[in-house]
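One structure, as structure tokens, below. Some questions next.
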Amino acid sequence: MRNAIVGEGSQIDENVLLGYPTGRKIEIIKTVIGARARIRSNTVIYTNVVIGDDLETGHNVVIREENVIGDGFCVWNNSAVDYGCRIGNGVRIHNNVYVAQYTVIEDDVFLAPGVIIANDPHPICAKCMRGPTIKKGARIGVNATLLPGIIVGEYSLVGAGSVVTVDVPSHTVVYGVPARPAKAIDELECPLNLVDRPYLEGRDVRTRERKAM
Amino acid sequence: MRNAIVGEGSQIDENVLLGYPTGRKIEIIKTVIGARARIRSNTVIYTNVVIGDDLETGHNVVIREENVIGDGFCVWNNSAVDYGCRIGNGVRIHNNVYVAQYTVIEDDVFLAPGVIIANDPHPICAKCMRGPTIKKGARIGVNATLLPGIIVGEYSLVGAGSVVTVDVPSHTVVYGVPARPAKAIDELECPLNLVDRPYLEGRDVRTRERKAM
Amino acid sequence: MRNAIVGEGSQIDENVLLGYPTGRKIEIIKTVIGARARIRSNTVIYTNVVIGDDLETGHNVVIREENVIGDGFCVWNNSAVDYGCRIGNGVRIHNNVYVAQYTVIEDDVFLAPGVIIANDPHPICAKCMRGPTIKKGARIGVNATLLPGIIVGEYSLVGAGSVVTVDVPSHTVVYGVPARPAKAIDELECPLNLVDRPYLEGRDVRTRERKAM
């Protein structure tokens, strides 16, 4: 905890390591985490990290150095965010996810369980590492694979198990291997017929209900 | 351990958390785990869980609240079972698996490493979450993806890397993206020619040998 | 630590378990790890393991029993190596990877994040377990799936999200579900135009630069 400051009202489990030193040769800067953080057991957060208020981690989470992350960040069990990422507000990363170095994730993005992100177009090459950019409000389905440097457009949805090899237009549903556009996001219907319109101007049910509150 | 009871003959490593409190607003009920549990390091089991005898966990396993699980449950390293699932007897879940909320898993099911299960047909929607149902004796291959609400029939086999988007008939081998039926389970041959009949009336070699003992 | 010996100059975090006993019935042999190991929090290494010098592990790593591993082995967060594998020198295994029992990995292999390896052609069968062989210098892309018994040839590259069901020739780029040959490794161009030749006689940029030093 020598290299980390955590805001008021935070709750931190045992066996949590904050301000963990990287093996990379960088100048050490104290990690700063905002108010009301909830950090669960066996989470490790490195030095040189800035995270906003209301952080929530699951168990066995790793957040590496040189990450800048907004408010309301949730990252669940057995997931890792590698170094050098930029992550906006209200981002939710589910279980067993890997976020590669230099990934850019804008506000309100959701990564479903098992999403794996790449950043090296021809491994191993330290020169060309470039993560994808996932734009505001986009949702990446379970076990999807994102290739280096691609852009997922605002409010789009990547289907489960997809491999995204090229840019995804905004407000679009894509799926498959490789992922291809299937329809506009607002045209998607609920297969269970439980909600009338899953997406309205790209916004999902939960986001609309929160806004209405 | 205040919110958990573990049966006789159990062996629990250090750094195990039992009866861990959920952040969801539910009435707390003590977790009850049967006899002869073997719980390995960094496993976390929440409150409001019932698990039968002979539980075995690997390391870094998370079992969330409101799960009801039968006897002989094995769940290995870095896997998580999210809340509200129903899991039968003799179920085996391998490494790096994610089981989504409200998944139903019947007796003798096997989930291979890296299986990822979805439950939200249009994320994020709290109203439509519905896990798949994996029926008795079914086997899901490595890194397969199961979509919300689908049913995998009894004694079927889902091939490695498949994305299952529709129901799988019983006693059937399916594979691919999306997964499609390839043959009856009993027709499958061993590619290594090491066993004569991999499946007999849908039962695998191990199950048949155990029954013969 | 009773069942493990670690070489000089090693640095081991708290909450690391070395020489962990397996539940399998084998004769216990002390684990031996070479010099300058860097073992991070919540790593578990079983008994009956031999690892060379300069081991580096991430957090929450599991290395099971009866593994023989060379020098310079890196294995990152939330990955597991199951029992009975043979792993050469200079092998790098990234985050959230699962290496199945009896997998053979030769020198300088790279497994990208989320790679999942199978070893049972018709689960559950204890008789036919046979891992793949990944030959010298091969690279397996993110979230790829390797089926039992296949051979990935020297210096080949398996694309992200691929499912490898048959042998991969040496010096070849393959991708897709199922993975099929696309081109010779030396013909691959950098999509970002940042390096002139990603691979030269199959060697990647990093390997060539190291050799030049």
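Order as written gives the chain letters A, B and C; numbering starts at 1 within each chain.
One rule holds for everything that comes next: a contact is a pair of C-beta atoms (placed from the backbone, for glycine too) under 8 Å apart; a residue touches a chain by one contact, two chains touch by 3 or more.
Just so it is clear, the structure is predicted and the values come from calculations on it, not from any experiment.
The two copies, chain A and chain B, are related by a rotation of 120°, based on C-alpha atoms and rounded to the nearest 5. Interface chain B/chain C: under half of the residue numbers present appear on both copies, so the contact uses mostly different residues.
Each chain gets one centre point, the mean of its Cα atoms, and the points for chain B and chain C are 26 Å apart.
Counting only residues that touch two or more partner chains, chain C has 15, 42, 60, 78, 96, 114, 143, 177.
Here chain C touches chain B in the complex through residues 15, 17, 23, 42, 44, 60, 62, 78-80, 82, 96, 98, 100, 114, 116-118, 120-128, 130, 143, 145, 147-149, 163, 165, 177, going by the rule given at the top. Across the complex, chain A is touched by residues 15, 38, 40-42, 56, 58-60, 77-78, 92, 94-96, 110, 112-114, 139, 141-143, 157, 160-161, 176-177, 188, 190-192, 194-195, 198-199, 204-207 of chain C.
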